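Note that the chains take the letters A, B, C and D in the order they are written out, and that residue 1 is the start of every chain.
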């Protein structure tokens, strides 16, 4: 929305690149379904990152050429993928040993809401009649060392996704470490939400107006 | 003792054959260290039995020719073995999934004592200063469907091993299904110890004198 | 001789009874034992509780089993996927029950069922609606919920190759829930693309040891479920 | 680039600190990472808690580590074997602590440590001296004891082949505790008979995924511990 109307903010590829910049060489990374999947394409040259998909593959490679997919080689979003040299396959209990046992370094997830203390809601809008579906999200936020959220700053209706308290059902409590939106990069700290970086054309006031929780601006200690 | 002095009773090979006769085709069997290992050699022709060793092999075969052993292919007693076609290797947690999860049909163990309600003591004499060592015995008796004990009827000192209550520390409570000694084959039933078969030259009175618990003789319902 | 091979999917599933708990392997369409499921539809057992990660796609496989009203209750982590239509409609009408379980908890509860572990603690779902009503406990300063093992009467699993002992290897990410489900059922029924001689699978590479398998049926060219869904095929055809 | 390969056993174990909890793979002599253990003796870290199924044989490997008085506490299932002399003597003199754990419980506690499961219930040791003092609970009419996960600072494991990502395959029954121990330590250190190129291990047959491994050192011709014991060799030599 922001990007479109005012030519300010980051587009989704830039958002993904912001996340990718923070993924270190040698990291084991799980990417959620949707926008998080874009991150893999933005990792800077020279960094070797190993992608885990919870349906049983470590060393997930890029999608195969159109029409060349193997329906038995898919990712958690049920899309065809490839496997890199040095990959391995395993069953679901072993896969979640990797997740729950804190072996995965970084998980990048989408969000419906993130609260100021890092609570995440990303699996259900809680509407009556809606069919709940959780997948591996609760295991991921409970088990992965670092949780990054990548998301538009506002909902399609223009409401803030970053809020004082989540109104949607939680995926996990106090689990998010950093939020990457089209407007800013924000750390979840004990003292509150610390803005690390603002997108082009976004200023502190504008960000405050579009955020449902208090923000701390202190670029000396947080920005890089 | 009995076998030697009076030429009555079964020798160890006959005892092992008695156990083997009760192992059905297709059974998954774990054999304890020592006398139980003799059972494998006595299984009647035509029955295919698969041996599990808790250190990570299903489909254990006979020992290799002397001097041809692979020190990385051993059984739970740390002796060199072989693997049959159709065997597989696995790690210890998977091995005890087989044991604890009731996948193994029969386990044959030695005993220090067996009580009249099927309690087994076979891991420690409880002497002060003795170094306790339990291995997989407690998992086996807790998890395997059918527990057979193969043991001399008397200790080296001539004391009964079948007793009202075990005085040695237990391996498990109410776990033994059948006892094969040099004197008799005895079932552990809710109603008590049921003698199924007497060894040659052993009569009921003699067995009673050498047993520390009550015995039931009713060959009509038990003997085969 | 030990021979777990049976000659048809129909014979393989013939013992499944009304009211049974049935685990069905697969993550989406990958690894779903579609020929066994179709045989179960032909067989007709009803009032089943099905444990599977999803609820099937289109009108074939697990979705067709549900559409045929043989399933009264689903235990799964993700009941709605792009192509799932059958379950959502029945669920909205209140005609099928759902127990929603986080995916890792589902896998671990099944593993526990196979491993003789009646219950364990996990951090997943703590302080969420799915953790409500569960017993919780603190270890090392962190809160966990207690989860109970799941066991089944039958498991239906698809694999790449099997031998007559029931040793199995899988194909890529079609492995998923297969190995744990094999361990957790009274009777595990497997469809294999290929049955090989004993020793045809390297003993170092067996994924599911035969001890966990009861019946194996060869299905050389299993249907490509994704294609059937794309073609809008409906089972029974 | 990811490269977990280090060039010597000494460098591999160099971070092990006094007071560390160290898991050591192997069942008897099969799978025991003897070169890593000898490097740990050279390194000299003391007051270690060692988690291993046995206590070593003769005067080499784990037995030599104990004999060198670097171990203050053993967690194991079977501390006395035919050729174990060192541990029994120290234990009788009250100079080393022992926590005796049933073998399956030991394996499962280690697996739980690696899998983020803080505790679980098992039927093993119920109504025995080893179950005394443990919390017990009834599930489905049967009594179980609660067991806590074990984690370590370091695991020392031996395998057949590894690649630079740390993917491992093992040899026969030398696999035993290796795979679970790899998952349960902050730092897992592996000696491999062979280091292969990425892709040199079929991705379907990897036993330990590289994510569980931190350092790999190639030891092409590891000592045959059984032979050293038979020859009554003593380390350090």
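FYI, contacts are C-beta pairs under 8 Å (C-beta built on N, C-alpha and C of every residue); 3 or more make two chains touch, one makes a residue touch a chain.
Small disclaimer: the values here were computed from a predicted structure and weren't measured.
The chains that touch subunit A as well as subunit C are D. Chain centres here are C-alpha means, and the one lying farthest from subunit A is B. A separation of 34 Å divides the Cα centre of subunit C from that of subunit D.
One simple way to say how far apart two chains are is to compare their mean CA positions; for subunit A and subunit B this gives 56 Å. For subunit A, residues touching at least two other chains, in rising order: 83, 89-90, 93, 96, 99-100, 142-143. Multi-chain contact residues of subunit D (touching two or more other chains): 108, 111, 115-117, 122-123, 170-172, 204, 207. Viewed as a network of touching protein chains, the structure does not reduce to a path, ring, star or complete graph.
If you check each pair of chains against the touch rule, the ones that pass are A-C, A-D, B-C, B-D, C-D.
The touching residues of subunit D, counted against subunit B in their complex, run 27-31, 53, 77-82, 87-88, 91-92, 98, 100-108, 110-111, 122-130, 170-180, 207, 224-226. Listed in rising order, the residues of subunit A touching subunit C in the complex are 53-57, 70-75, 78, 83, 89-93, 95-96, 99-100, 124, 126, 129, 131-139, 142-143, 169-173.
Within the complex, the subunit C residues that touch subunit B are 1-2, 111, 113-117, 163-165, 167, 183-184, 197-199, 201, 203-204, 206, 209-212. Those residues of subunit A that touch subunit D in the shared complex are 25-26, 28, 48, 50, 52, 58-59, 83, 85-90, 93-94, 96-104, 142-143. Residues of subunit D touching subunit C in their complex: 108, 112, 115-123, 137, 139-140, 142, 144, 148, 169-172, 202, 204-205, 207.
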